[in-house]
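Below is one structure; the comments refer to it alone.
The letters A, B, C, D, E and F name the chains in turn, as written, and every chain counts its residues from 1.
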Amino acid sequence: MTEIATQPGPDLRPKRRPGEQIVQMLIFLAAAISILTTIGIVYVLGRESLKFFTSQMWEETNKQLAAAVSPEQTWLPLTTSGSRLQPGDVIRIGAEVMEVVAVDGLQAQVIRGAQSTQAMAHPAAADLYREQHINLWQFLTGTRWEPQIGHFGVLPLVNATLMVSLIAMAVALPLGLAIAIYLSEYAPRKVRDVLKPMLEVLAGIPTVVYGYFALTFVTPLLRRLFGADVVQIYNMASAGIVIGILIIPLVSSMSEDALRAVPDSLRQASYGLGATRLETALKVVVPAALSGIAAAFILAISRAIGETMIVAIAAGAGPNLTFNPFQSAETMTGHIVRISGGDLSYDSIDYTSIFAIGLLLFLITLTLNIISQRVVRRFREVYD
Amino acid sequence: MEQPLAIEARNLNIYYGDFHAVRDVNLPVYKNKITAIIGPSGCGKSTVLRSFNRMNDLVPGARVEGEVRYRGKNIYDPDVDPVEVRRRIGMVFQKPNPFPKSIYENVAWGARINGYQGDMDELVETSLRAAALWDEVKDKLGQSGLSLSGGQQQRLCIARAIAVRPDIILMDEPASALDPIATLKIEDLMRDLAEQYTIIVVTHNMQQAARVSHYTAFFNLGPQRAGMLEEFGPTEKIFTMPEKKATEDYITGRFG
Amino acid sequence: MTTETQADFQPRVAQRRRRGLWWLLAFQAATLVGIIALGALLYNVINGAFGYVAVEYAVPPQQFATGGYALEQLHPLDLDYILQTHVSANLYRKLQQDKPFSERTQPELVDLVLRYVVKPDVVASWTLTDSLLRPDRVRAEWEAHYPETTLEFRSWLTPSFLARPQSSRPEYAGVRTAVLGTLWTIAISILFTFPVGIGAAIYLEEYAGDRWYNRLIQTNINNLAGVPSIIYGILGLAVFVRMLEPLTSGALLGAVPPDGTPNGRTILSAGLTLGLLILPILIINAQEAIRAVPNSLRYASLGLGATKWQTIWHHVLPEALPGILTGAILAVSRAIGETAPLVVIGASTYITFDPEGPFSRFTTLPVQIYQWTSRPQDDFRNIAAAAILVLLVLLLSLNAVAILLRNRYSRRA
Amino acid sequence: MLRKSFDQDLQRVRDDVLTLGSMVEDATLKAVAALKARDLKAAREILLADKEINALRFSIESQLMILIATQQPMAHDLRFLASVFEIISELERMGDYAKGIAIINLRMGDEPLLKPLIDLPRMAEKCADMLHRALTAFMEEDVTTARAIPQEDDEVDALYEQIYRELMTFIIADPKVIQRANWLLWAAHNLERLADRVTNICERTVFIATGEIEEMDTKSDEDLLPPE
Amino acid sequence: MEQPLAIEARNLNIYYGDFHAVRDVNLPVYKNKITAIIGPSGCGKSTVLRSFNRMNDLVPGARVEGEVRYRGKNIYDPDVDPVEVRRRIGMVFQKPNPFPKSIYENVAWGARINGYQGDMDELVETSLRAAALWDEVKDKLGQSGLSLSGGQQQRLCIARAIAVRPDIILMDEPASALDPIATLKIEDLMRDLAEQYTIIVVTHNMQQAARVSHYTAFFNLGPQRAGMLEEFGPTEKIFTMPEKKATEDYITGRFG
Amino acid sequence: MLRKSFDQDLQRVRDDVLTLGSMVEDATLKAVAALKARDLKAAREILLADKEINALRFSIESQLMILIATQQPMAHDLRFLASVFEIISELERMGDYAKGIAIINLRMGDEPLLKPLIDLPRMAEKCADMLHRALTAFMEEDVTTARAIPQEDDEVDALYEQIYRELMTFIIADPKVIQRANWLLWAAHNLERLADRVTNICERTVFIATGEIEEMDTKSDEDLLPPE
């Protein structure tokens, strides 16, 4: 021991530790990847949506020239197939853009070489493309989503999303909260030890399985209950209910965490004042955990809105603006999956449309998540 | 001089599952006196204290044998409702645990669930005054109880306990989480409260027991680590002239 | 004063207790509903995966049952003989060219016999409940509608179901490609996510000071965790499949896909997409595990003159490891079950060849299930159910490991 | 103000000390008065009063011990309590001196006083007065007064010397009165000792206030000697 | 009698962000003595203690001005490595915090990372002996440090601190989480350790400071709630005859 | 055994009390021996020794206060400390008696002793012996011995009475020797008082052990009286 006492002046100078700095650098980069992800999401969604809203897009009309045309010709002979042209449409054949002035049966009068393109000759059977424009207002308020005819109103998709989410919430919130209260306040240890893992299993099952469940179990059940003529094979109710079931564990587990975070001392305080178990649970514990529960609810809504596979499987394809839960309707997510599932050309309007919907979805869920986090943070502060 | 009894343990035995935690305790608690329970860690002080208002019912596996007589009735009789018992025998805990409600609500809540019919504002004020807290909080009754300092929170908890007008207040190390000054405030408060209430206080701090209590019960670990009442008597006697060697060793710090 | 004010209290304990009882019943009922839902889900899957089927055979398999041996138990030479005698010479030669019969295993041969000789065709199927509880009704229906077929009890989940690749005929379809695709994808995700995720978690918990950029990273990660998975699909589609196509298709590294056209819809893209998807979850879980390590441990170590990294490496990480692993396993099982993003980045649904590397086109188990589920034919529902069972077993075992780990861990704490 | 109950307890000790002091004061004056009046009944009462003094002294002592055991006194409080130990011991002893005078009175029985008492009552008054003021200074922690009082002890000593010389002349004149002279001498001696003890109370008062023990014994080595 | 100094704070000011937590502290700490720091809650006792081995570096926003001189060097000089400082000035915390490793490893680890070359078994034994723990654990060195009782854990932490051969040991309320008996053991141990080490101990418990220390520093809340050194001196003097009124009020419990 | 340092501190107090006791014992014997030998130099040394006694007494007292302030004594420890307060005060006073004898010696100057000293040394020895045994009993908390010692006070009283009577006869025979007789009488009186105080030590010993104050004053009211 005396060695220290006899030590000369201590050497307190810093030692070199290059390894520590390298490690720190590396893990900082790892953390920064998340920022890249967000930038990626915003950039991708933003850029493609911008394309969707502003840039020129050429939609196949399935029309061809009935005969070859010369560069000077202003009346174009057209085939019968495909969609109808209207005056004011901007069309493209090959590299040349034209503006439709008038349509007369199978003839269309055009201004040649519009948008500073060169008028040129076109062979017979050359494909006609039509220019598409979508403006934001139409997108947000339009009640029809029919890309084939140029209607890009997102409301049917949003409506279906909200309907499904509402149904899901109606199932998940009361059940989830009740389960949470039961587990945290009533269930004996042994029961909880069994139930909690079961609920976790429920939470761990992939959504595609829930989709299967909705389609092959819940839908037939609904049809049996309400009649096959009332309930369509693909319907929002079934998807909503099953999403609700899917979300129960989320709600119950987050709520239970919040309830359990309420210190035991509060319960004892309550009992000590002569409160019953119910009074303790509902009037002391639940209010104390309220913001945690609220956060769970908000997150649950966000999850429901973003849920994809169940609606893709069970809610049906095809946008449909309806308030009847037993009808089929396509949600935003369902639409994205359906459209992207096929082999899409990267330039098609359908392809860019999923980015616009994606952006909307992203913004909605982001808002909800941020609110939820805020609430959680406030809640945590109370007990720290 | 025979004092009137507030509550009394008779042949009390408490078990946690198979573990005999407390053995054969006979402990009288006198009315309007402060009775301190001291003893080494794990000797069952808290266990005995909780048995006085059936808080042990909430501990899984806990079992009580023997009697705790309160107003001529054994509170463990099957026809006694623990909820009733707990209203009359309040409790204050080691860590201040106000509800995350307003100060006012903290005090009013217990009375409200117990169907209090009188003037609530008045009750809140009386209780806060009795807990020597009124002056400090009267201008901010709407603020959260958690916004108070530790010592104030503990007094709030005392006010809350008082508001349901208990006979007896049990305190389990009520000041052990507080700094010395807050501790002294609580001790002064306890002495004032003893004029109206009977207080039983568990404390690790012998000096605190010495300072504050009228009677002291010294618990000790008996055979098989079962807690037992080693000595009971007026505090002054216990601390200046204990009868048992074990008590002497404990209070002079020569134990173990 | 005590006695006089006691009158102000009307505790009505009995009434309050009754009310408590009713609520308790309600809470219990809710819990029961949750359990029933889980039960119904499992029941529904199992119900679809087994049951009676009405099968039509080109050649009934009993015909080959020689010497009391069922088809499945025959010797490879016998099977070879059956093939030789029942299929056209052209086909036989083609099969021989694909892979010499001598090199094929017995189950493979059985498979060939079934596919080219027996040619079973399931024309109707019944659920397990019907099959078990109402066999008479099943039999009656069968006799009424499919008298010329054979009624047999079929388990759609068989070893060969696991071993066979995808097929357009449910009778022959299997999940091998899908399972391999899943494993490949997950392996890539893990490879990418674990180091990054744990590193990020260490950074955020141990090094990050209260700076604007650290707060930004943290908030950002929390938000990413709540972004719907389909958005990740879109991101993966735009970034990995399209922008980074030269890389993800393997063209840069000289890998050429079987069909010759470079395409970004590869296992690598999928793995990275899923990796990004679970990264925030993994980071958050790992952060929580690291945060659960009490500060006192760090102070103890630093107080002895340990450096920061020594402290993390010797004390924080070992202590947090079970928690980190638990979180990681849960994140991985989330990735395994993900469907939507893979659909969006274009998991190929009809792939009959095994993935060979990160640049292969692929399908995964959930994508396969999705596809089968959305087919109108009943038989596909049956194999979807069977595939779901495979998926669930996989996930449940993972989850079980995680829960075990966590329980051991929390008991110690 | 915290420690309300401790302060109350301290106050009670202080009051009790004061009571003890006035009991002693009283006993001293009464003992000498009884002697002067040769009132045996009064002398007997003083014997009883002394029992009370002793009892009160022990009661204070046990209060002190309880306070030490239960209140962890420190600093000023501690000096106070420690000093009270000494002060009550001194007061009890002073009570004994008063009792001593009463006993002398009783022993004298029928015998008359050697001479009418003049200086002795004056001495007693002086002693009682000093004690009274010393205790007041103690109560008020009045250091100045406490330092001044011991000086007055000289007066008492002077009186004692005067009595001594006077009585010596009586004895030398007539050795047979030696017993009766000695009785008075003892009484005077008791008073002289009593006054000395007041000094100790003053010393303690200064100690409580300042933490320093100042020796205040003005005559130091001489006080134990008989006057020449 | 001038004592040799072990470490000394000179014009020490400590801030948490904008908050001036400790103001102008000049505190000498004498070699091989126990110096106790007492004072009301929040007066900066722990803050000052941590400043003695730069543990404050770990607190975000903490800033230290002034000097802490150790062997003629200010430990806050830019060319001083805090890791080195902490090896020489060890620390024991309020709650026992053994590593979740074996008892042996708990003691050996610190020495090992500091490149100890000698006989590790011997070092472990010496350290455990010095911490008065050897006899209790010598038969179970392989067991987890967490399997010990609270008091034993705290002694293990002390052994661990000793094993790296520090000059000075800082203790922040080392016994406040322990029961009275374990507390007395720690106190006895501290006195023994003072023969070889310099000890600075923060305690809420005045009696403990009185019992155990040679010197006592009383910290108080100054203007704007900044902590300041009110009085420093030999413990006996502080507790029987403090110079400042504030000190007297505090130790006699008449504060606030 | 916990509280090692407290126990060490208590032991130091005990040792110091014993030292104080032997210093007093020593001073007593030496004072009487010096008187007998009319050794003025030795007498002066006793005056110095008394200063040491006083210093040690205050040192013990301040140790006591530090122990109370720092160790929160209770029960037995507390009774011990409280008793030591009283005992050292008594010992100091006993030292004063010894000093008193030394001063008498000094005051006598050239004058010879009235008579050769026989009983006075015996008395001093008896006193020193009682003190010694009382302190041993105190150290060992030997209640039986502590209870027995006060009985022996009678012997001292008897010796005192004998000396008194003897001196009275001298005075009556020749009143001019009154001064020299008085000197010896005072010396004897001092020893008698000293023996009384031993009783108090014994009382305290019993108190420490049992917590009870037993009055052991066998003669109670008579001790303050001059013998008849």
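Just so we're on the same page, contacts are C-beta pairs under 8 Å (C-beta built on N, C-alpha and C of every residue); 3 or more make two chains touch, one makes a residue touch a chain.
Remember, it's a predicted structure, so these values are computed and weren't measured experimentally.
J.: Counting one step for each move to a touching chain, how far apart are subunit B and subunit F?
T.: 1
J.: Any chains in contact with both subunit A and subunit E?
T.: B, C
J.: Report the inter-centroid distance (CA atoms only) between subunit D and subunit E in whole Å.
T.: The separation of the two C-alpha centroids amounts to 52 Å.
J.: Per the centroid of Cα atoms for each chain, what is the distance between subunit C and subunit F, given in Å?
T.: Whole-Å distance between the two chain centres: 99.
J.: How many angstrom between the C-alpha centroids of subunit E and subunit C?
T.: 55
J.: Pull out every residue in subunit E that's touching 2 or more other chains.
T.: 83-84, 88, 181, 184, 206-207, 210, 239-240, 253, 255-256
J.: Which residue numbers or ranges of subunit C touch two or more of the other chains?
T.: Subunit C, residues with two or more chain partners: 11, 13, 16-17, 307.
J.: Provide the list of subunit F residues touching at least two other chains, using ranges where the numbers run on.
T.: 2-3, 6, 65, 69, 72-75, 78-79
J.: Every touching chain pair, please?
T.: A-B, A-C, A-E, B-C, B-D, B-E, B-F, C-E, D-E, D-F, E-F
J.: Okay, in this complex, where on subunit D does subunit E touch?
T.: 1-3, 6-7, 72-79, 211
J.: What residues of subunit C sit close enough to touch subunit B in their complex?
T.: It comes out as residues 1-2, 5-6, 8-14, 16-17.
J.: Please give the residue numbers of subunit A that touch subunit E in the complex, ascending.
T.: Interface residues on the subunit A side: 1, 3-4, 9-15.
J.: Residues of subunit B touching subunit C in their complex?
T.: Residue positions touching the partner: 81, 83-84, 87, 111, 113-118, 164-165, 167, 196.
J.: In their shared complex, at which residues does subunit A touch subunit B?
T.: 188-189, 263, 265-276, 279, 283-284, 287-288, 382
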